[in-house]
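What follows is a group of structures, each given as structure tokens.
Each of the two complexes below includes chain A, the first together with chain B, the second together with chain C.
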Partner chain A sequence: MNAQQLGDSVKQQFGDKVVELSALGPNQLCLTITPDSLVSVAEYLNKDLGCRFVINSGTDRRRQRGKFLITHFFAHDEEKIYITLHTEVGEDQPEVDSITPSVPAANWSERETRDMVGVVPVGHPDPRRLVVADDWPEDVFPLRWDVPHDLKPPPAEGVAMPLLDPPEGASVVPIGPYFPVLEEPEYFRVFVEGEEVVGADYRGFYNHRGIEKLGSSALTYNQVPFIAERICGICGFVHSCSYCQAVERAAGIEVPPRGEYIRTIMLELERIHSHLLWLGIAGHIIGFDTILMQVWRMREPLMWLCERISGNRKTYGMNLVGGVRRDIEPEIHDDVRRVLTDIERQWQELYNAIPGDTTLMARLQGTGILPTEVARARGAVGPTARGSGLPIDVRVDHPYAAYDRLDVKKRVYDGCDNLARTLVRLDETLDSINIIRQALREMPEGEIMAQIDEEIPAGQQAVGSVEAPRGEVFHWVLTGPENRPERWRVRAPTYANLQSVPPMLQGDALADVPIDIGSIDPCFACTDRMEVVDVSSGQVRVYTQDELLNKKY
Partner chain B sequence: MITSKLREAILCLRPGRVTLKYPFEPHDPEGDFRGYPELDADKCIGCGGCATVCPARAIMIQDIDQNTRRIVRFLERCIYCGRCADVCPEDAITMTKRFELSTDQGREDMVAECEVFMATCQRCGQCYKPPSALDKIMEPGFRDDKLKRGGDDSPYEPI
Partner chain C sequence: MTFAINIGMALFIGPLVAGIVRKMVRARVHSRQGPPIIQPFYDLFKLLGKEDLESSPSLLLRYAPLVAFAAILAAALLTPMGLRPPLGGYGDMIVFAYLITIAAVAVMMAGLICASPYSMVGASRELMMHLVVEPVLIICLVTATIKSGSLLMWDMAGWNYVNGLSISMVVAGIALFLALQAQVGKLPFDIPEAETEIMGGPFIELSGPKLALFQWAFFARQIVYASVLAAIFIPWGIKFIFPWNVAAHLLKIIVLIVLVGLIDVVNPRLKINQAMKYFFGVIAVALIAMVLALLGL
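Right after this comes the complex of A and B.
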């Protein structure tokens, strides 16, 4: 089935509810539907066709059409199709039916759209603020075009986050707000009865940087990749790559094959160093610092290699719309191979040592259980999903860069525990080494950057996605005038994976909480949210500041 | 368990001591490192291409009068991407290997200014050749970028 056939089947089902239908190539379907049919179409896609909900986005199109554009994104992984579901709602009544009751994974993003654009999801089970700061004014929606990107509302007094009381009989263990797992600000209040976790309270969103707003108001197409790269401090290249792919697809720019291979090599180098970093951190979390020291030592030559290739050890700055800025010269190929061989050898030694280490196994095996069905319902991606038996991997499902020409394996384990997620990453690291070797061997000669003579016309749209070390990174770009996107939507993998943490914690011992949280390889800077989690029922609720102040919970 | 610990011990012992003596011994970056962007004022023609492409908006172009264009670079904003060096038609900007740029002299120390004599220039923007249509000059003609030094909370007056 291709995008057009999928679109036809939706059209057949819903008739004139489908206002507009267009396929951008075989892998992307754009549907515009009437607002009253949104819930039924979303349900049809999610339940009947088995499409995975990705994210939701709101665009202020009052200048062009006098309306707000609400967009839901779905992915049909088996058929390799991304579905963009548009609905337009009027300026006078900025409301849209909520799909969360039937598609629970939409919970967070619908509220984010409300906070940022001001379109209310009617019927949302928890229609409260989620994203903006506690003292942000109620009537200012940052992503509307008439709100300046550098607006600074006056800070309000006395709006510090009030703390929740634990359930009857439980005690509180605070983890955070500084450095709960990785070195990022996030605050978990864990409620325990004895050793057992019975609930948790989570406060995030200390780091909102308004990046999407900058991309559509202050920067130009070729400036955005650099800020996109800074969304994440560990796997930034995936974001710039994903953004560039979205713009290239929207504008019909073809990246030269050598450019695609170079992107692939850099992405895999990034995956290796990210997985190595994660393993070190995981060792550190469970109190086994030898792992941290040794794995990071193994990782360091790779960082130097990246510095030689790109000019910087972490933020490579290689991506631009149309290709990459730097070639990987033949002289450096042998050095790349040498570094990879070194890592491979030491990795193998480590891999052989781990299964016999009873300390490690005791901490990883059987802890942080995330059942397959829960992972699917909560929209988990990446190693978190693959460790729970879900065979999804963007590199195979929605090939980009040069992955359609390379041997990529999906590494799936069905242990559903912290060990399974660890093993997925261990295997993938070795796979990445082989992918880079193959790419170096098969890399064609030629240009690395496409020639772009025409400006990008406004009103085009496309999706770009990349399999980051943590899972699927998803970017959507709607091109605009003035040499910049009109709307740029970003979804980092932790946004999806963090929703899987509450069921993981349930029933675990307190000592396992850090490694449970750590096992999704969280990237809080990308995700920053505030919520309250009732672990016993798995319900996620978000409280407003007023409620918290008045303790109406 | 024992063999596993032995394997781990070998893994630790084999590489020996790896810690570098930096900063007591210099550790120069390899390859085309992107460090401090040096501007050769003699080569600069004041086309404004660098300010157009700079993602961090670290470069401000200001026309003081018909004769003089001032290029102010706020290096505290610089992200060392090297785009300015890429697009400069005169190769006036080079990315050096200098990376030890911290200062105890305050933010003023991170501001670099250069004035270019432009008496006969009509500011048509033609001397800048954008590498792609996406890097075209956004503001040809006389320019007075609104960028303030370091943002609203900066101790500096807007220029």
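Right after this comes the complex of A and C.
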């Protein structure tokens, strides 16, 4: 089945409720439907066709059409199709039926759309605000075109998000807003009876940076990749890659094969370092600092390698619309292989040691259970989904870059616990090493960047997605005038996975909570370079790797 | 002079051995350089010099660190450390067990008085751990009492030395060694403090001199527990001539504490229910030792 056929079957089912139908190649389907049929079409896609809900998005199109565009995204992973489901609602009555009662995975994103664009999901079971700050005014919606990107409403005192109260007899243990092992601000309000967890509520988005707004109001197409890469401090390359792919598809730009291979290699290098980083943190969370120290030592040469290739340990800044800015020169290939061989050998030692470590197994096995059905309903992605027996992997399901020419395996475990998620990541680390080797071998010669002569036309739209270390990164771009996107929608994998955490905590011991939360690999920010400021002169000096290693400071 | 030796062992060898373990064991296994060996002293003196904040108006919180510190020092004076303990004639193993419990109760008090959910959880975990770990120590000492016919720890050590190895004493020694890890609060049993779960548990609200006193008491506690095991159940060297008996004792407790440090560094933290299950097993081993002693083995 391709996108056109899928569209036809929806058309057949719903007749003239489908206002417009177009297929963008075999893998992307755009449907526009009438607002009153939204719930039934969403239910049909999700329940009958088994499509996974990805995200929804609101676009303020009052200037062009006097309406708000509400878009729900679904993915049909088996048929390799992304479905874009548009609905338009008038500005006089900005309301749309909530699909959350039948598609629970839409819970957060519908609330986000209400916060950002002001279109109310009618019938939403949990209508609290989600994304904006507690003291943000009720009638200002940041993503509307007439709200400036640098608006600073006056701060208010004494406002707080209404959090759920604990059930009878339970007490509250706060995990956050700042908790030592979860380096980012996020607040889990955990309800416990004794040591057993009986429920949880979540408040996040303390650090919302308004990046989508910047992308559609202040930046140009080729500036966005650099901001996109800064969405995450660990897996930033996936965001710039995903964004570039969306723009390239929308504008019909062909990336030269060598550029695609370089993107693939960088993505896999990023996956290796991210999984190793996670393994270290997971060890630290359960009190096993030896794993943290050893794994991070193992990871360090990879960071130096990335610095040689891109100039940076992290945040490579290599992506542009149309290709990449830096080549991986043949003289670096041997170094890449050497670093990979070292990591592979040490990884093997680690992998062999884990099953024999009974205390480690006692902490991982049978804790943080996320049943397959719950994972599917909550829209989990990446290792979180694959550890719960859901065989989804964007690299195979929706191939991008050079993955259609490389051997990628889906690593699926059906243990549904912290151990399964750990094993998925361990296997993938080794897979990534082999993928990079194959890519280096098969990489063709040639250009790394496409020639773009014409302006990118307005009004085009496309989806770009990448399998990040944490799961599917999803970007959607609606091209606009003035050399910038009209709307750029981003969904990081943790957005989907975090919604799976409260059911994971249920019934576990309090001691399991940090590793449960850690097991989805929530995105951690990090700094990577020591900077010394001379207080008297105010001069900043950055040390090089050699100086740090040889203690020349 | 025995006063000076026991107090010196507890107050100065304690932090020093902890520093050695951090630098030579923990950092080595981590592939790190590690802090200087006397870093624990730097830490203690830094904390002692800080402002003494009152995080609760309760007097209990003010005195809990002092009580813990004093109780451990008193216990140190009852413990044979190569020589006859200075207060050995004034208190037996029952007094010793009470003093150790007083220190644990002081930790729980400090945790319960600070109105933080983390310290509450930490205090309740401390209580549960104490309830399963303390019986092991008492049963093992009772075993030694049955064998030696005395409640004084110095007599137990002497009896074991004179009469040589007996099955019940060896089994009791093993049981006590299995409990040592938890007695000194090391992984996989640092559950009441659990930095990455409850951020230090009972100590989360403590800082400055209060925290320093608790930490110093815990450094001393390592020496006291290791000394009980070393002196009574591994009595090699107690009849050496001074100062060789003290040196032999020092060697034994350093080996024990380094072993504890090694186990600490290669294990993740267990959960409280998993630890309880483990200690029910250890208590069973200790009981077997006691039954063997009653049978005269």
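Some points to look at:
Throughout what follows, the second predicted complex is superposed on the first by the 511 of 553 C-alpha atoms of A that agree within 3 Å, B and C clash if a C-alpha of one lies under 4 Å from a C-alpha of the other, contacts with A are read in each partner's own complex, and residues count from 1 in each chain.
Here is the rule we go by: contacts are C-beta pairs under 8 Å (C-beta built on N, C-alpha and C of every residue); 3 or more make two chains touch, one makes a residue touch a chain.
Model, not experiment: these values are computed from the prediction.
By the touch criterion stated above, A:Tyr44 is placed in contact with neither chain B nor chain C.
In the superposition on chain A, A:Phe14 contacts neither chain B nor chain C.
In the superposition on chain A, A:Trp145 makes contact with neither chain B nor chain C. Once the two complexes are overlaid on the shared chain, A:Tyr351 sits clear of chain B and of chain C alike. When the two structures are aligned on the shared chain, A:Gln294 is found in touch with chain B and with chain C.
After overlaying the two complexes on the shared chain, residue contacts for A:Pro514 are found with chain C alone; chain B is out of touch.
Once chain A of one complex is fitted onto chain A of the other, the partner contacts of A:Gln223 are limited to chain B, with no touch recorded for chain C. Number of chain A residues touched is higher for B, counting chain B against chain C. Residue overlap on chain A between the chain B contacts of one complex and the chain C contacts of the other covers 290, 293-294, 297. Contact residues of chain A toward chain B in the complex are 150, 152, 218-227, 230, 290, 293-294, 297, 300, 304, 307-309, 311-312, 315, 317, 320-322, 325-326, 346, 349-350, 352-358, 449, 451-456, 483. On the side of chain B, the complex with chain A involves touching residues 1, 3-5, 7-8, 10-12, 15, 18, 29-34, 53-57, 79-83, 86, 95, 132-136, 138, 152.
The residues of chain C lying in touch with chain A in their complex are 29-32, 117-118, 121, 187-188, 190-191, 194-199, 265-274. Those residues of chain A whose C-beta lies close enough to touch chain C in the complex are 171-174, 179-181, 195, 283-290, 293-294, 297, 359-360, 362-363, 509-514.
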